[in-house]
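Pasting the structures in now, so scroll down.
Same chain, two partners: chain A is paired with chain B first, then with chain C.
Our next item is the complex of A and B:
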């Protein structure tokens, strides 16, 4: 077990290690993060990183392959543009977590603030609590599971991402509609909940997605362009 | 970008350390605001009928001359305590009346605050320099607000720095930018609100002053601000007995709140709060958009 004490050492030293092949398969422990920015960003090797405390902006950004756990809360821009691997936050995450992310699994055990999963491109996001307004805005692909409620304008201008919501959405965004829960959806939801280690019956969830009225070119509307 | 913070002590034991705690928070917010810094402290309230006014002048201002002019002009026995290029004036008369006289008659000084316990100090430069200039770490108080500025809307001067006073014992710090401040400033001027600068945040401060002068409570004034202020903002507002926090409905600008048995703190980022004693055991949450949070002494 390698320990990085961010009270003593620079965040850059940790992030450097997360690029190096020697770190492959290693277990890293990060102490005293103190809300610092860019903790464990740009990881490029398969390894396990446990961050003990709260982190600031852009934690686990661009993550590829690493499995990152934060025992506290995360600031804005968590796991932005993640490619693969996993990120788990035991507390809450601030705004735009998982933005533009292409892959991997992001689990927020608490709440996520506004713009969760904005423009997501393939990531799976599971939130144990509730999410803020404008979440899954322009979400292109991937899955979002929310065990609590959603703020205003959920899934505005959504493309092909799938949203599973257990609670209530304050409002749905333009072109986002409720869709039937077929067996295939229940199966994928069950798998996501299991991966996240969160226990709820799939029957308590509703599915939302794109009405596909907004993003296809329609010849009837040609005069409007 | 700017860094803002508020710190409110629940335990009297912490009052002596308030300045030192706020210094640590301001230093952490240097990246967010290296242009200028400022802070408001609430301490040593003067008696009813007396007032406390913070003045700001040039570095070479002769405070003795200023004090004599005030005492001659107002027939008072004001006590003036210089703190670098600021000075805290206490006098046995109504604060607003004294402030009006000073504004009219003393061109070499600006008023940064008027009230019963508030004192505001602000200056251009890195937070570290500003803290040292006023020896903030030695100051005490029940609660305080702080600001580190990276200017986006107006010039970098001491007058454009935060906190902005919003009436007796009230002040505001702002992270964000308002888009309808010019129109609103003209409207407020017609209502008799005075402005020292073309700064957008000062308009938010003036707006609250105006609402309060119309008889609104602070909560009512903030509710109205949600409808009338257009733009991005996280505000922390200091009152005589506590402080309040408000974010705009879009909530782009960050904010973190934290509470322990001994203190309540607000900041743009957790790393400022992480400096406070026992912060690792604090209850921490992000304030919701368009919701007013406030703490007051009983």
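Our next item is the complex of A and C:
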């Protein structure tokens, strides 16, 4: 177990270690993160990182291979543009978590703020609590599971991403509609919940996605914009 | 039989000119605003409105074709461990694969590399063709993040965070469905054939304080190796440049309203932003005000066509310029050899601006494989290199005439303005006077 105490070492030392092949397969413990920004960004090797405390902006940004756990809360842009690996937040996450992320699994055990999964491009996001407004805005692909409620304009201008919501959405965004829960959807939802370690019946969820009415600009749809 | 009339007495309205009438009729017929490529076509004050004062009794010129006139520039000296040095102060601006064919992107890389300068990716990510043929490649970090990934980020020689562009500051883009091939769709994680919106603002930061942290993230991911540029469309340029410096930019790129685009509303292209001429002056003033002129390098773009434009931008205080539309023209865009094909599209060589529709006869702004194959990347790359060399020679010629052994030694004092407007915007005295309208004024 390698320990990085961010109380007396720079974030840069940790991040550089996460870019080096020597760290492959290692277990890293990060103490005293103190809300610092850019903790464990750009991890390029397979390893396990446990961050004990709260982190600031862009924790686990562009994570490629690491499995990262944050025991506290995370600031804006958590796991933005993640490619693969996994990120788990024991507390809550601020706005734009999982933004534009291409792959991997992001689990937020608490709540996620506004614009969760904005422009997501393939990531799977599981939120144990609720999410804020404009979540899954322009979400391109991937899956989002929300065990609580969603704020206003859920899935606005969504493309091919799938949303599974257990609670209520304050409102749906433009071109986002409820869709039937078929067996394939229940199966993938069950798998996502299991991966996230969250126990709910899939029958309690509803599925949302794109009505695909705005995929090609038509002047007759102008009132929708 | 149609009666012939004498048109010499017909008076055209300057408010409702024939092009205006035609556009109203088109809008009424089609029910959608005009979306097009190219840049602003309206008349604005430009570098053409400035003149150089050659050496004379009080200035000593350098010998043309003989005495050395340095053109290389190093960019990214503020924070990056590996600044980049370009052999000419002219770079190729960001243009996307998607908007342009793979052949065109390859040609730009070939041309830039042949003369030792950089080229730039665009929305849609980095293609292997472009990386492979670009000795120095700047990777754009755009709001859509199409194709963005850490591997390509680390392959870049510099990163350009795009806040806006001159053709549409405050606007995003729309790559229309007809240009979404299988490859473009795959690179952007979207289905084939649907319109792809390029967002107008970044998804995970709002404002310069956030951007400062975002830039630190990019530096952490790339181990502080490469320069980070911030590109802004020219609007509130003085403040934007100062905020870019505060956010940690190594290089600031300011793109004037004449800058090109692949697909934007005509109303946006012609009515938003300010010309490159005043933007250049405002950017230099902003850097000097912070004591960061030359510490943070300035690249200006938007309507650069000749070595005269380059030299005047440098004389006003820029470190380098970028070209986009001019590079496309150098490759063959709007070439007379395609006149017949342009006619079939309802236009003519010299007027073609429908980069958005994917039917470009020159094979440049298209994803159609047959059209794309018309562009020979080696030949087009050679043309780009030739053109860059001509611009460089012209710049050197003017610098030598002003007695400068380095093109970046050109200075405002070497120029006068031809018009009151240009004098006020550039803060260069009107020719034959010591008068600068509005000198000392605030923004």
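Some points to look at:
Operating definition for what follows: the second predicted complex is superposed on the first by the 216 of 225 C-alpha atoms of A that agree within 3 Å, B and C clash if a C-alpha of one lies under 4 Å from a C-alpha of the other, contacts with A are read in each partner's own complex, and residues count from 1 in each chain.
By our rule, a residue touches a chain if its C-beta (ideal position, glycine included) is under 8 Å from a C-beta of that chain, and two chains touch if they have at least 3 such contacts.
Nothing here was measured: the structure is a model prediction, and the numbers come from that model.
In the superposed pair of complexes, A:54 makes contact with chain B only, with no contact to chain C. More residues of chain A lie in touch with C than with the remaining chain of the pair chain B and chain C.
Contact with chain B, but none with chain C, is seen for A:34 once the two complexes are overlaid on the shared chain.
In the superposed pair of complexes, A:77 makes contact with chain C only, with no contact to chain B. Once chain A of one complex is fitted onto chain A of the other, the partner contacts of A:185 are absent, as it touches neither chain B nor chain C.
Residue contacts after overlaying the shared chain place A:114 against chain B, while chain C stays out of touching range.
Of the two partner chains, chain B is the only one that A:94 touches; chain C does not reach it.
When the two complexes are laid over each other on chain A, chain A has residues 56-57, 76 in contact with both chain B and chain C.
Looking at the complex, you find that chain A touches chain B at residues 34-36, 53-54, 56-57, 72-73, 75-76, 91-92, 94-95, 113-114, 132-133.
By the touch criterion stated above, chain C contacts chain A in their complex at residues 30-32, 144-145, 148-151, 153, 174, 176-177, 188-191, 193-195, 197, 199, 203-205, 210, 213-214, 216-217, 220-224.
Those residues of chain A whose C-beta lies close enough to touch chain C in the complex are 11-12, 15-16, 19, 37-38, 41-42, 44, 56-58, 61-62, 64, 76-77, 80-81, 83, 96, 99-100, 102, 115, 118-119, 121-122, 137-138, 140-141, 157, 159-160, 215-217, 219.
Residues of chain B that touch chain A in their complex: 250-252, 254, 256, 269-274, 280, 284-286, 288-289.
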